[in-house]
Every structure is written in C-alpha cells, then in structure tokens.
Amino acid sequence: MLDINPDKILIRYNVKVEDNMTADEAAEELYPTDNQIRLITKAIFEGDEDEVISCLKIAMDDGLDPLYLINEALMEGMEIVSRLYDEGIIYLPDVIISAHAMIDGIEYCKEMSNIPLEYNKGKVISFVVEGDIHDIGKTIVTILLRANGYQVIDLGRDVPVDDVVEAVKKERPLFLSGTALMTTTMHSFRQIKEKLEHEGIDVPFVCGGGAVTQDFVSHFDLGIYGEEAADVPKIAESILKGLNITQLREKFHRH
Amino acid sequence: MTKTKFTRMAYNSADDMVFGRCKKPIKTGFDLEIGSGSTIPEINYAPRPEASKSPEKLISEYDRITNDILNRMIQLGVPSVVLETEHVQDMTINAKLGSEIAHIQKTILEEFYDEYGIKCGLRHTIADIRERKNHLDLKDGRFSLLMECFDSVASKGADLLSIESIGGKEVFDYSILKNDFRGILYSIGCLGAIDVENLWLEITKIAKKYKSVPAGDTACSQANTAMFLAGGLLDKNLAHTSAAVIRGASASRSLVANEAGAIGPGKDCGYENVILKAVTGMPVSQCGKSSSCAHSDIMGNLMMQCCDMWSNESVEYHGEFGGMSVQCWGEVLAYDCSMLNAAIETGNDKILRDILMVSDRYRDPQGFILSYDNAYEIGKEITNYTDDTYMRTKKAALKCCNLLIEGSRNKLNLSRFECTNLEKLRLELKALTDDSDEFQNECLDEYTKKVRGFIPGNYF
Amino acid sequence: MTKTKFTRMAYNSADDMVFGRCKKPIKTGFDLEIGSGSTIPEINYAPRPEASKSPEKLISEYDRITNDILNRMIQLGVPSVVLETEHVQDMTINAKLGSEIAHIQKTILEEFYDEYGIKCGLRHTIADIRERKNHLDLKDGRFSLLMECFDSVASKGADLLSIESIGGKEVFDYSILKNDFRGILYSIGCLGAIDVENLWLEITKIAKKYKSVPAGDTACSQANTAMFLAGGLLDKNLAHTSAAVIRGASASRSLVANEAGAIGPGKDCGYENVILKAVTGMPVSQCGKSSSCAHSDIMGNLMMQCCDMWSNESVEYHGEFGGMSVQCWGEVLAYDCSMLNAAIETGNDKILRDILMVSDRYRDPQGFILSYDNAYEIGKEITNYTDDTYMRTKKAALKCCNLLIEGSRNKLNLSRFECTNLEKLRLELKALTDDSDEFQNECLDEYTKKVRGFIPGNYF
Amino acid sequence: MLDINPDKILIRYNVKVEDNMTADEAAEELYPTDNQIRLITKAIFEGDEDEVISCLKIAMDDGLDPLYLINEALMEGMEIVSRLYDEGIIYLPDVIISAHAMIDGIEYCKEMSNIPLEYNKGKVISFVVEGDIHDIGKTIVTILLRANGYQVIDLGRDVPVDDVVEAVKKERPLFLSGTALMTTTMHSFRQIKEKLEHEGIDVPFVCGGGAVTQDFVSHFDLGIYGEEAADVPKIAESILKGLNITQLREKFHRH
C-alpha cells in the first residue's frame, strides 16, 4: 500500500490555527470580575445545572435580585458561550449543554422572584416546511435562539402552510424562522409569505436550510436569508434593534 | 428472520479490493453489468422548485432530465450509465406519480439503448415517508404505502430499488446534539437495525416479483447527518472524530439490508459502503469529489477507491454555460469513471486506488477511517459478531477509536480538541456493557423518557 | 521585434513532460510557486446576470465570490489556489472598475494568507475590447484603452496578466464556416501572430513595471470557436478532424506571446498549451473535465496530463445544494489537484499522466492530437520554422493531418465523414505555397475582397 | 508510454451510428422525379451555383415559371439539404455552400421574371446584444434562416438596445432573433422586451446563445428559447403557422 507525507499535499487548517489557549482558559479571560457573578457564569459555561442553581441560591440569599441575576449572570454566561462558539473555540454540544443549564437557571429565578417574571427577548416561531422532514437544522436554530434568551415556539417538521400562518396570527412573533432542505418543498415559503401578506401581517421571515439559496429568498419581500444557524440569533438581535429588511439583507446576505 | 449471515470477509485481504470489480457483480437494466470490471457513472438530480407545482410539470421535468443526460453521454462516448431518481414525498405517497415517472424514464432509456446501444439502468430511491410531524410511524399504514410504491415503480421498470431508511432517527437526533454515544449506538445498532430488517425482507420480495434488484440502504439519517454537522475543517458543530466513529459504526446498520436480501449496489450516500463491500463482496455506489454539487465532504478522492458506481448524489436541474446542470455533473462523473476504467484496462487499478486513497487519508479522521485498509479492519469486527447487531456496532465504533488513536500517533494530525473528544469517546464506549439485552432494556427505558416521539412499538 | 526565439524543444523527450512540474517555474502572489512540483486549482467565475446592473453590485459580487472560494479552500485543507477574473467589457473599458475589483480581491487574498497561510494569487484576464460593431480596431484608441487597463489592474495587485486576443478573428469567422483552410491559416499564422506580438511586447513592459507576471494568451478566438462548433460526437457543424488540425496549428499563434515575453502559465482555455509547454518549458493552466460547467469537450481527462494549474474555465455564481457554484466547482478542482499531487509525491506521476491520457486518446481526433507525445511532435515542427509564423503554422497543421492519418490506421476510429474531410484537408494544405510572402500577399488581396470588415491597417 | 484498447472504455457513437449510405446516396433518394427539377435540386445540394443557373436557364427556356422554379426546385433542394443536416448526414459548411447557390438562383429567377418578384417567407431581424462580441452563433442562425427562404436583416454584434428597437419599429419583422453569450449581457434582452412592450409592439422574440438559459428566457413573456441554430428555422415555420408564445414554448423548450 502506498503511503505519503501529507504535509506535501494538504494543510489541516483546524490544527494550524488552533489557539494555544484551551477553551477553559479562553473562558477564564471573559468571566466578569465580581466573584459571585463569576461563579454563575462559569457554571453556565461548564453546563453544570446543579452548580448554576446552587450559586444562584447563594446569590439570592445574599440579596441579589433574580432579574438582575438573569441579565448579569445567566445571560452574561451564555454570551461568553456564544462568543467562544462563534470564534470556533467551543463546539455546538457545549453550547447546548450550557443552554440547558441557563434555561434551568432562568426557571429557578422565575420561581424565586416575588413579582411575576416573564423573561424573554422576544417570541420566535420556528418550523420546517410542509413535505420536508429534515429537521436537525431547525432544532439547532431553536436551541441557539433559546440559548440567546428568545422564547421559541417550535412547530416541528412537515408543517402545513396554514398551520404556520395560523400560528403567526395567534402569536405575533418578533420573526418567523423557516427551514427547508429540498427544492421541492421550499416553495412553501412563498405560499406562506403570500398568505401573510394577504392577511396584512408584516413579520420578518428568516429562511435557511440546505436547499435554500439567497437568490431564492431574495425574490420575496419579507425574506432574509441566513446561511448558518449561528446567524439566527444575530439576525434576531438586529431585528430587535429595528433594522428593516433592506438593512438586514445588506448585513446578512453574504453571497 | 434475516437470510444471509456474513460470518467472514468476502476478501482475503484489504488489498484485493479495487474499484470497478467486486466478488458478486450483478446484471440489470439494458445490458448493464455492475462490478464486473468497469465503473459506471450514476447521475442524480432534483427537480427545479417550480416543477413541483403540478404532477404534469414534475413528470415532464424528469422526462427532460432523462433526455438531457442520455444525450450528453452519447455526445461523449460513454459506454454505460445509471440514472437515480430520488423520490420526493409526493412521488412515494402518490405511487401512481412515482411509477409514471419511472415508466417515462425507462422508456427513454430504452429508446437510447435501441438507437445507440448504450448500456443503462434506472434506480428509484423511494422516499421514506414514515416520519410524521412529531413521531415516526414505521410499521403501520405508512409501511404499506411504502411497499405499494416499491411495487409500482418496480412494475414500471425501475431496475434498482433503494431507500434511505429512517429507523432510529428520533433517538439519533436527540443524542447527536448532545454527543451522547450511548443513544447513538442504540439508534444505529438496535433501532436502526431492526427497522432495516423489517423493510428489506419486504423489499426483497417485491424485487423478486419483478426481477428488479434490491440494491440497498444507507445510514444516511445517522452517519450523514453527523458528517454534515461535522462539516468542513473549521466547522464547530460536531467533532470530526465523532463523525468518523459514527460512520464506522453505521456499517453495521446498513449491512442488515444485505442480510435481508439486498444485493447491491448500495446507495451512493452510504460512505460506509466500502466496509460493506469488504464484508459482502457486493458492488457499491459512492459519492465524493464529484458530488460537491450536493454537499462538501473532506474525502472527495478517497471515496473513489473501491467504487463500482460513481455518483454526484444530486444536483438541481438548471442551466449552466456548459449545458444543463445534470449534463455538466454527469460529464464529470463520466470522465472520472473513464479514468478509473483506463487504469483497470492498463493494469494500474491498484496504483490509482492508492493515489486516490492517500490523497485524503490524512485530511480528516473520517477519510482515515474509510481508507480501504481501515475499512477492512472495521468490517472484521462486524463479522466477528454476526448475530448481535448491538455488539458489532459497539465493536466497530471502538475499532474506529483505536484506529484513530493509532493513526494520530503516526501521520494523522488531530487537533487538540479532536484528541480530547476521541479519548472521551473511547472511554464512554468502553464503559458500555457487552450484554446486548441489558443495554437494550436500559436504553428503552432511558430514551422513552428522554425522547419525545420515541415510540417503542415502531420496533418491537 | 520579439525577444525570445524557441529554436529547440524545452524537453529532450515527450516523456519528460508531466503535470505539476515544468522547466521554468515561476513565483508570484502570496508564496505561490507554479510548476515547481505541485498542481494548483485555478478557479474562474462569472457574475450573476443581475450583478451587472451597477458598478457597486458588480464589485460586491466579486467580493463575495472571492470570500466564498477562499473559505471553501480552507474548509478542505487546500494548500494553494489561484483565482482568475475574466473581465467583461465594462471592467476593461472602465479601467477604474476593473482595478477596483482587482484591489478588493487582492485584499481578501491577503487576509486569508495572513490568517491561514494559504498560498494564493490572482489572475486578471482583460477583455479584448478592440472589436467594434462591424470591424476590428486593433491598434488605435482601443489598444491604448487595453494597456491602460492592464496598467491599472497590475498596479492594484493582479499577479498574473492575460488576455484572449482576437487578432485574425474577422478572417477566421469567415473561413471556418466554409471550411476554408487557406483563410484559417492566414488568420492564425499571419494576422493573429502579428497582433499577438504587438500586444505582448507592451503587456510585458507593464508587467515588468509592477513585478506582475505576463502570463500568456490563447488562440481562443480560433481554436476554441472551432472546438465549440465541432461540439460533441454527434454534432454536425464542423468535422472534428478540422477542429483538431486548427488546434494544432493555433499553438504557433499562442507561442508568439511567449516569444514577446510572456512566461506562463498560459490561459486555461488554450488547449494548445501542452504544445507550448513542450516548446518553452513554461508552466501552463488547462481545463477539461472539471470545466464542464463552462463547456463540454471530449478530452476531459487528457487535459490534466501536463497541467501546472487546473481550471474550471468559468461558472456562473449561483447557489447549489453543496454551496455556491464557485465553491462546488472549486472543490472538484482542488480534489483533482490533490490526486495529481499525491501521484507526484508518491512517485507515480507518469503512470497517472498516462492513465489520464489514454482514457481520452482515442475518444476524438482533438484529444489524439493533444496527447502529449503527439503534441511534442507538433512542437518540433514549430521550432523548425522559428522565424516564419506562416510556415510553422502550416507545418503544424500538416503534421496534425499526418498524425491523424497514421492514428486512424491504428486505434483511432474515425468516421467515414472524418476520413474524407481529413484527406481533403491534407491535400488542401499540401497544395499551399511554402513562400510566406507570396502566401500573405495573395491572402491580403483575397480576403480584403471577401471579408467585409477586414482592415489590413490593423496589422500592417 | 501506456496504451489501451479503447473499445473497452469508450464508444465512438458517431462512427457506430454512421449510416451505410453516403450523403450523396441519401440525397439521391430524396430528389424529385421530374428530371428538370431534379437537376436543379441536385445542383443546390452540391452547392454548384453555376450549374444551378444553367439548369434554371434551360428550365425557363422550356417555359417554366420563375416563381414555380423557386418554390418547386430551389426551395425543394434546400429542404433536402436542411433535412439531411438535421438528420446528421451532412455538415454545416455543406449547408452554407448550398445556401449560397440557392440565393444566387433566387436572384437569377427574380431577374428573369416579367413581373416584379419579391420572394421571401418573412422578414427576420437578427443581432448580438450590446456588450457582446460572440457572433458566430448569430452568423449561423442568419445563414440557416436565409437558407430556408427568410429575408434576414443582420444588425451585427454589440448592438445597442435602442438600435434593435428602432429596427423592429421600422421593419416590423415576423420575429426577432437575439444572441447573447454572457450572463452580463443577456439582460439586454429584458430591456429590449420592455421597450418593445412600451411601444406596444408584440413581436415574437426568439433568444439563444451560450449563456442564455431556458429559465432566463421563460421569465419574460415574448421570449422563446432555442438551443440550437437549427431550431430557428423550425421556430420560424411555427410562427408562420400562427402558433402563439405558449404553444411555441411547449414545442421548443426542451429543458
């Protein structure tokens, strides 16, 4: 059998650019200085839900406000996680584990709060189009949105056009996130958009998934194309900031 | 009960495996011989978005696609070709539609065969429509619908029958995002294996009835999902070492189709096929470099190493400067095959195989695992545990870990992250019980609780 | 006056020619070395129809294309890459637009080079805008406009400078449709050669000024027009034997660029480059199989035989399942090159070269003529008549005829039509005078009368 | 150097399907029986213009009408040529040579006619779009149309949009034949179409050339896509027969 010196024919850029820092070290640099907050963010980063809860408990016992803790500790921890994921230092499963810890933390804060606490940055509806069963991308989108503090209503896969429209009418979300992986199913996007228009509903419609192209999405007015699941929370933030469709496209259409 | 048991490897040594030739070649279609001394392009396509607006449009789309492909093959002097039509849901649910398309395609193939003598055949890959909005429905109504469709496309002349079955998908989707290898093995080695057997015992009967070929399955819903999550070198959704181990393990699941009567060529997207070829000696279809229209992998050349058919997986039908997309990609495949065939005819097949293999062997853990020598070793693990699909899956997975660890001491340059992941993975796998019943019982419990939509009745 | 004379072959024997290595490698761009031991993918692209609506849109289109390509190369672990931007008219006429695009692309290359160390470079192929509605305007205003554009893209960092020059096109277009080989030779060997020399003496100066590489020309407007007219095996617009002879003859024209100072790698679409490599020892870019996005030829593998860069010629920028088109085709190229490079590194380059060559050698007369051994023979004819571009063109054409006739007695299976055509052609060529002045005077007269739009002042 | 037995890896289908008949034999089977007419059609097939004229002269001396000769001899001969080209028995240069002989013949008939004779099946305008210099396809289209009896106004290459529109307004052709080989130039088609619509002119617009795709052409109403130059005379005939755009597309859109 032949063998080869691979350095002559390829470069493993992942190895080449791997930071000398470990993920833990990189996170360490980002934790807030306040020790109590620091412990919570660290527990989020490590995805240790038990530790999150017990740290939260101590902090509350020390008089810190649940809402304050959500914003300054839990969300902060999750931001570190998202940032390190974006920078390629940690991987998706880490994000998912952290997200669960954070969600548990938020639940706990809500429970412990005196006033009713409805914490979320906004409501998002997420679905896979009719006729399409490829749903793992949608699942990732959903998780990342939740990890970033959004309330996601996940309609599942193979969702009929009318069900999507109904849900939008009922929930009036911040935006709609649709996934399609097949050329034969993505025309549902157009139908949904037309029906929404007909109802006079003007909600940003973010579309993605394997077969969906920017060109296809660009053809309808409400559409914003996103390439990666990790784009969705960024798009969400821009929507929150009030960017309109043209601006959103300017920012997120890469091709 | 499954019919065939593969208790020993079809080849005495890994080095006996080459492209274009296998131990159990098959004949089908119009004069087609698969695996008996030459490689054959297998061209795949997806209709344009507009085409699914009506059944008439869809039918005419496949008509055009088929003509375009065959015309180009004639223009280039290509001796043989296979067309693969992957059903979209409508075509399977509405079996009349699917079979009408099969009929039209087969008629066109026949015309070209009559006029030019081009050897050709048609594969139909039925859509696995047993997935509902929130759960799988593997055994009941949808199962019969599937079989109805197989029956009708076979009756209308589809030469090769395939499916990308989804048994185990619910547990897999849950586990993969958590890197939970216990769930992953359960999905592949237990649930998947059970479903594949159920399916292929039936498909084989239908194939027999119409003298079509029960060609095979793929662990697409597990191993390819993992491969896609793993992505390119810089992607961060899944460690490539995990994807490599899942690939190796998935051979155990795909093999069940052959045990139940499938005789190859397995589906192109089954990158595990090289392991199957080593075990069964049956012909395989593969994709890689020339399916970059459909997806990007990091073992594009390597996948040619032992292929009998060479496929582009799928391309949307649309225009390019060089003709319609199916013609352009079909042309790439045809030249690739011509190169392979020229190597065979000049007695240089093994050298070319090795060139192709080493060009990707160290590019990524996935390619390393699928290098034919390593694939062969994984196959051996599987044949050692013929009767226990759990154990053979676990052993295959462990073998992958060990191969990777060994490789990383040599020229396989893993990232620190991949090394850590690999070690964790190996320990996790090692810690699992060897007792299949125990494992299954525990998992049944655990995942029924954890995975919404996991319905044991689909399997047991 | 031209500078270099190629009076003898750069290689002692045809067998010394391989892919990835040439006698006169060059260094350019970011750490790029072309022809010094590995092959490099050269990726080409064309903007979407919408993108030409405004300069801003066009600029941003190239920005996106460049980023997409480099991202994919990193994801795959590709060590080096060249990007080629073929200007459309606007970019050349409006030199600021062309050079702005060069600047943006070069900046992106630099970013990737800095971050990942990927070796890379940028070719700009200026549009030959000297063709007006009803005539050519080769020497006057449009010539200066051309040079202005070369100057400004070079100043903005284009590493390789090229053009597909159109000298001789008017007479060629007239002659080719009549199969008039007298006019064809006049176009290629006289008019074309004169114009190429005028052009490249200037381009070379500009390249020197900015330390960019004067890379080379192509006989696209003659030999590729013929190849396209010839088409696939069943097309009936031009005999493939004619196209083969035109290809062989066209090397004589393209070579003039190297005589005037171009140092390679010649343009991808110059299928005659293999002859140029044999004569000059300079690196070449080629396209074939993996440019089926751009056009279909019938020597897709063979063209890899001696390439130093490997190109897709051009693909419209648009989405595919596997990413943007430039990524998918770039991936194919990258794997092709990886295979070639693996062959080099394992010492199997000559075997692979031969496999690629024989896989197309007998597919079509054009491939037969360009098989490296035959190409070498044609090169010898050219070096025998260094100082007379007419005679060397005629001799090259005659050599092609003889090679084909000989080939057809062996394994090259010509159709009856091709045989007849070939014999007619050979007699026609043989009947032509050996006196270059006589030939040129007669043709000048004849074609001034026959070809509307042929203005001798463009050349003399 | 390696060598190979090519039969193992490829099939030269052109050789395989080549008819046993020579082109001459095939033509022989198609000539009309009337000897005078036969000689003229044969001269057309052979592209022998002198022979065409001398045969015509004899026929007229024998009292045959020039218009009759155009229709029954010259056009008939050209039809044989076109048919054999379509069937792949003869090549384009043969067609071109025959076409010239036929055109000479028509000129001669016109001269000899007592009544003024304006012979053509219809007027066609042919051009290459602005910014595009790839013109050989257009030249072929023009030749084949002329060979089939149409009067073609060839506007040349790199023709500005307005020039095309002006020409159409002035000439009112049966249809417009446009060629484009580059993605960056073919949007001229759309502009031309819009301007024509604006002027209220409803002329079929047949488009072709390397970069042009059926999908692109399908997006505008007047457009019919043709893949090969040889399609154009067939499209012309269908237009003469009164097929509308939908029917034309049905018939000629292959992809």
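Some notes on this structure:
The letters A, B, C and D name the chains in turn, as written, and every chain counts its residues from 1.
Assume a contact is a pair of C-beta atoms (placed from the backbone, for glycine too) under 8 Å apart; a residue touches a chain by one contact, two chains touch by 3 or more.
These are the chains along with the protein names UniProt gives them: A, D = Methanol--cobalamin methyltransferase; B, C = Methanol--corrinoid methyltransferase.
All values reported here derive from a predicted model rather than from experimental measurement.
Centre to centre, using the average C-alpha position, subunit B and subunit C are separated by 40 Å.
Between subunit A and subunit B, the centres computed from C-alpha atoms are 32 Å apart. Put simply, the C-alpha centre of subunit B and that of subunit D have 49 angstrom between them. Looking at subunit A, residues 2-5, 9-10, 12-13, 17, 211, 216 sit in touch with two or more other chains.
Touching two or more other chains at once are residues 46, 48, 74-75, 77, 233-234, 316, 318, 321, 338, 341-342, 346, 348, 351, 354-355, 358-359, 363 of subunit C. Chain contacts in this assembly follow no simple pattern; the graph is neither a line, a ring, a star nor complete. Working note: touching chain pairs come out as A-B, A-C, B-C, B-D, C-D.
On subunit C, the positions that touch subunit D within their shared complex are 15, 46-53, 88-90, 131-134, 166, 173, 176-179, 225, 229, 233-234, 236-239, 316, 351, 354-355, 357-359, 361-363, 373, 411, 413-417. Residue ranges on subunit B touching subunit D, taken from their complex, read 38, 48, 64, 67-68, 74, 77-79, 115-118, 317-319, 321, 324, 338, 341-342, 345-346, 348.
Taken in their complex, subunit B has these residues touching subunit C: 46, 72, 74-77, 231-235, 288-296, 298, 300-301, 314-316, 318, 320-323, 325, 327-329, 331-332, 335-336, 338-339, 341-343, 346, 348, 351-352, 354-356, 358-360, 363-364. Chain contact summary for the complex, subunit A toward subunit B: residues 1-6, 9-10, 12-15, 17-18, 22, 85, 88, 90-93, 96-97, 131, 133, 135-136, 139-140, 143, 156-159, 182-187, 211, 216. Residue ranges on subunit A touching subunit C, taken from their complex, read 2-5, 8-13, 16-17, 210-211, 213-216, 254-255.
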